[in-house]
């Protein structure tokens, strides 16, 4: 099935924005404007953008540290994201949380993530459960990685979603590594999706660097969930193209593996599709990149001009009242 | 394959002893000599005895609350078990732990269990790991139930055992209920053994009320593990024939389900095999039951004559020195 | 009730269930007070849900929730798989969508299995991204029932130490009722420690309706006195009151403060009683080291230092698991005898 | 090193690795002291194993274990799946078969994911059935590194409260070495809190060989003084020493006690310093309520009451998650300025 031109063009914008924002963050880190850690998501753009686009406005997602695209697609402005990276009062977490942690805003259907992977899978099971109890045609989406797959919570949450037949879509981002740990040391199976059978739910395997494939698989799962068909586990095969975090030089990753996956770059692939369908040429791409650059310049300026949080407020907001 | 007569006869003794000891415990509870909770294992004799007999003397098992037979087969004397039930200083845990909890004795290859199910699966992965690291041809065995199967630890430990290809056998006692929760509310699959595929290990389904079937399946898995072939998950289908614990009247269990399973009583079945093979008749059975009764009378007398722990020792032994 | 029954999902109204009229006082056991508080909130607020292992069809391991699935249906009284971590995470997710889930731990001892969901996630969302997580976790705790190391724990200090949580521990049927309702309505995650020992052994008056509410964060002066303050909570309140009555016969005047809420502590009430009597005895079943009693002592030592006429004394569970055998458990658990001895020493100081 | 390398499994002997001769003193960073202690024990005792996420080929998130897999092989330095709960359970199982596993949590923050294995299982086996569980859990904790709420936690109080565990928190390279070796050799489960902040920022002399051992349960008097005692541990020891030096210039004499072991506490040393100066200031990064400081204060208030000349004062992390943004984290974390202000108030009391 061919995806509509408008969708592809939109997706392309988001994927390019995601990458550019990611690179901007890395640059700010190099400049020591971002202190602490920084996670690059390069290589994950097709997954995070497709997953985000497959959801409706009332759906809820709990993205993790390589799902920058999902945050953007759901409407989190780069201004707030860069201000978050810089620890400013205008950042999503008002300076309380670091890098992509705690970037939640339920008005955008986004849940702020904690480090303890795969927490998103647990909380999303509850969100999906709420939708089901209220009889609302809404879908909840969780993300976890090949590392997160080893955690007990991944198992518990998938089983929970299955027992209660919840409108939940779980995106497993199998990027071959969990920090330095390769897949073969994380588990002794090839496909994480094979675990779906152990919960009596569909397990789908998809090329995570092919926007169209991810979009179609996720859309199908979202429709299924919305129609009362229960949860789906979608394994997206991809590769983490940078280190675990910015300090990590990835010496443990074989060079040829990276080269192989570099050939499959998700942005190059969607651009090839767009060009083939006459939806993109060099001039249009250059214009798009410039537009994005401007957007990010403006966002960065906003973030850098933003104040730090007031230290006298450090104890505020621990409790809701 | 026909099992040797000697083995069957031995197994029959252990199964009868297990049931008689269990009933003795229930009776002592009724007499208020056992305070607190009491767990009956009736229906589980084939599993616990077969699993115990399939192990060698240097192997290690971590049985749980319905595996009385395994404790017995591995050499834990009914004296120490009854003294444990009665909270005496001569009990396995010296009065510190309750009913079947904490009945550990590594000199018998037994690990004392904690309530937090399925802890045994986790610790046994470590024991198996130790065997592998030391290059010893020993096997470690864990037990968990259909309820325990939902816990994250079951997943983590199976994955661990698979990644490190450990000499581990995991017995899943699927007795249809976890406390009041029927299987269909615990998971949306029929066979827990199907989850083995998600770890790349063999999953075996066996009739848990058929001693011979369990013994053969476990023996095969033990041999496989000892030979370096890695872990196996064996699902034994059975039925919990009493309430969760002694206070539970099981109103939630359909009567016909219990009746169906009563027809499959594991002791009746091994006795049918023995009779068929000419290894048992009424007189022999009566003699056996009497012998067991005597053994348990003696054990009970020992337990009841045993002192309570000295309260002044309450803080002793928290730490090893 | 059995699993075959056709569970209805309707919500019954107050009138139908024959409740006491608002404000009327009923005699309820501690357990009944909890159940009635759950019923009251289930009736009042469609956002309230119960989640837990065996809480529906079976009515709960202690039958606290008995009858509620029949009354409110399985959409609101939800039997779950045996999976504490996912359960608490799921409750938080539900709370993000407007529900007020009340999660039952079968025993407080199993709360450690869902620990991450509580201390890392529930406790931090509001501080980090302004999202409230109004869940209540009911934790049947404490000992005295010969239930051994895994069915007798008093592990409240783990959560009292963790910012972002509230912790309560009612000692009477009235507080069991009033604090549970307040916990459910509070926009924060609250751990509600109920004392199994009191379930059926303690009966008392409970004011129905809104009059019986007990605010979080407020201690209760159970008995006024002049010479010494016993500060405690849970089942130990009753031991302390027995000691106070006993010592009164010996001519002493003892004050008993029931903390009721362990986080946030009622600092004003604690400091007031310390100032008043100058002698403080803190009692709890939980292990001594770094228990709630340590915080109460530290608070007084810092902020009521001038008022003290004697060492701040603690009577607590010794630092061991709770043993099973009756003589051992009795040696372990604080009781009137142990409390009286400590009070006597402090009075004579 | 890469995953393709052929990891050898041989054990190198002391002589081969160019270690300092026994007793010789080396200048090591805090991090190097930890690594060298691990190497020393790996060399000395074939039962010692390391387990953790990314500790082998990668050398650990902080490179604490760098080089050890090359030296000791993947049978002894074991890269694990990302699964803290199974990891700690497995370590306990290994310890039952004679091993002495040292488990690295990637950050102390993730210790909650393996909580059950520690507090329910590791902590209770010996009391219940006499089985020792000699495991060591290394927990890189505390803040000051702009790492936010999930990479800055000081959660030691959870374990100090739990019977059956030991907890240590070295503040110097010498103690990092000496306490780690003692922890590994101890027959009980020990949580070893190492302070990330000090990894590379602190260098100091470390006595090699057996002479450098530091026994568990013994505090260290870092500075003698007469007027006021600061009792602390971890990175705060250095802040306290800076304050003491500063106040000396203002004519005050301050004692600094480094607890080093948090469970069991060195009660004698704590009471001795309280008796000596009569004024106690307790400092830690961990959240204030029910922290280790509460226990120290309670202990003193109970057992050194007569000696006190001023309120026992605590300077601790406020009861919030550790925030990320530099001005917020600085406001949160105790430092010399905050400690000095509290000390000044107490001196003037």
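Per-chain numbering from 1; labels A, B, C and D assigned in written order.
The definition used in the following text is that contacts are C-beta pairs under 8 Å (C-beta built on N, C-alpha and C of every residue); 3 or more make two chains touch, one makes a residue touch a chain.
Just so it is clear, the model here is predicted, and its values are computed rather than measured.
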| item | value |
| --- | --- |
| Partner chains shared by chain A and chain B (touch criterion as defined above) | C, D |
| Inter-chain centre distance, chain B versus chain C - centres from mean C-alpha coordinates, in Å | 36 |
| Centre distance in Å when chain A and chain C are each reduced to the mean of their C-alpha atoms | 40 |
| Length of the line joining the C-alpha centres of chain C and chain D, rounded to whole Å | 33 |
| Chain A: positions in contact with at least two other chains | 93, 96-97, 101-102, 114-116, 150-153, 156, 159, 163, 185-187, 318 |
| Of all residues in chain C, the ones touching two or more other chains | 81, 83, 85-86, 109, 112-113, 116, 120, 124, 127-128, 149-150, 163-164, 319-321, 323 |
| Arrangement of touching chains [line / ring / star / complete / other] | complete |
| Contacting residues of chain A [partner chain B, same complex] | 150-156, 159, 162-163, 165, 185-189, 194-195, 197-201 |
| Complex contacts: residues of chain D adjacent to chain B | 49, 75, 80-81, 83, 85-99, 116-117, 120-121, 124-132, 134, 163-164, 166, 187-188 |
| Contact footprint of chain C on chain B as seen in their complex | 35-37, 87-89, 93, 95-99, 101-102, 114-117, 147-148, 150-152, 178-182, 185-187, 251-254, 308-315, 318 |
| Chain C residues touching chain B - in the complex, by the definition given at the top | 1-4, 53-54, 57-58, 61, 79, 81-83, 85-86, 106-107, 109-110, 112-113, 145-151, 318-321, 323-328, 330-332 |
| Chain D residues touching chain C - in the complex, by the definition given at the top | 109, 112-113, 115-116, 119-120, 123-124, 127-128, 149-150, 157-158, 160-164, 263, 265, 287, 289-295, 297-298, 300-303, 305-306, 308, 310-314, 319-321, 323 |
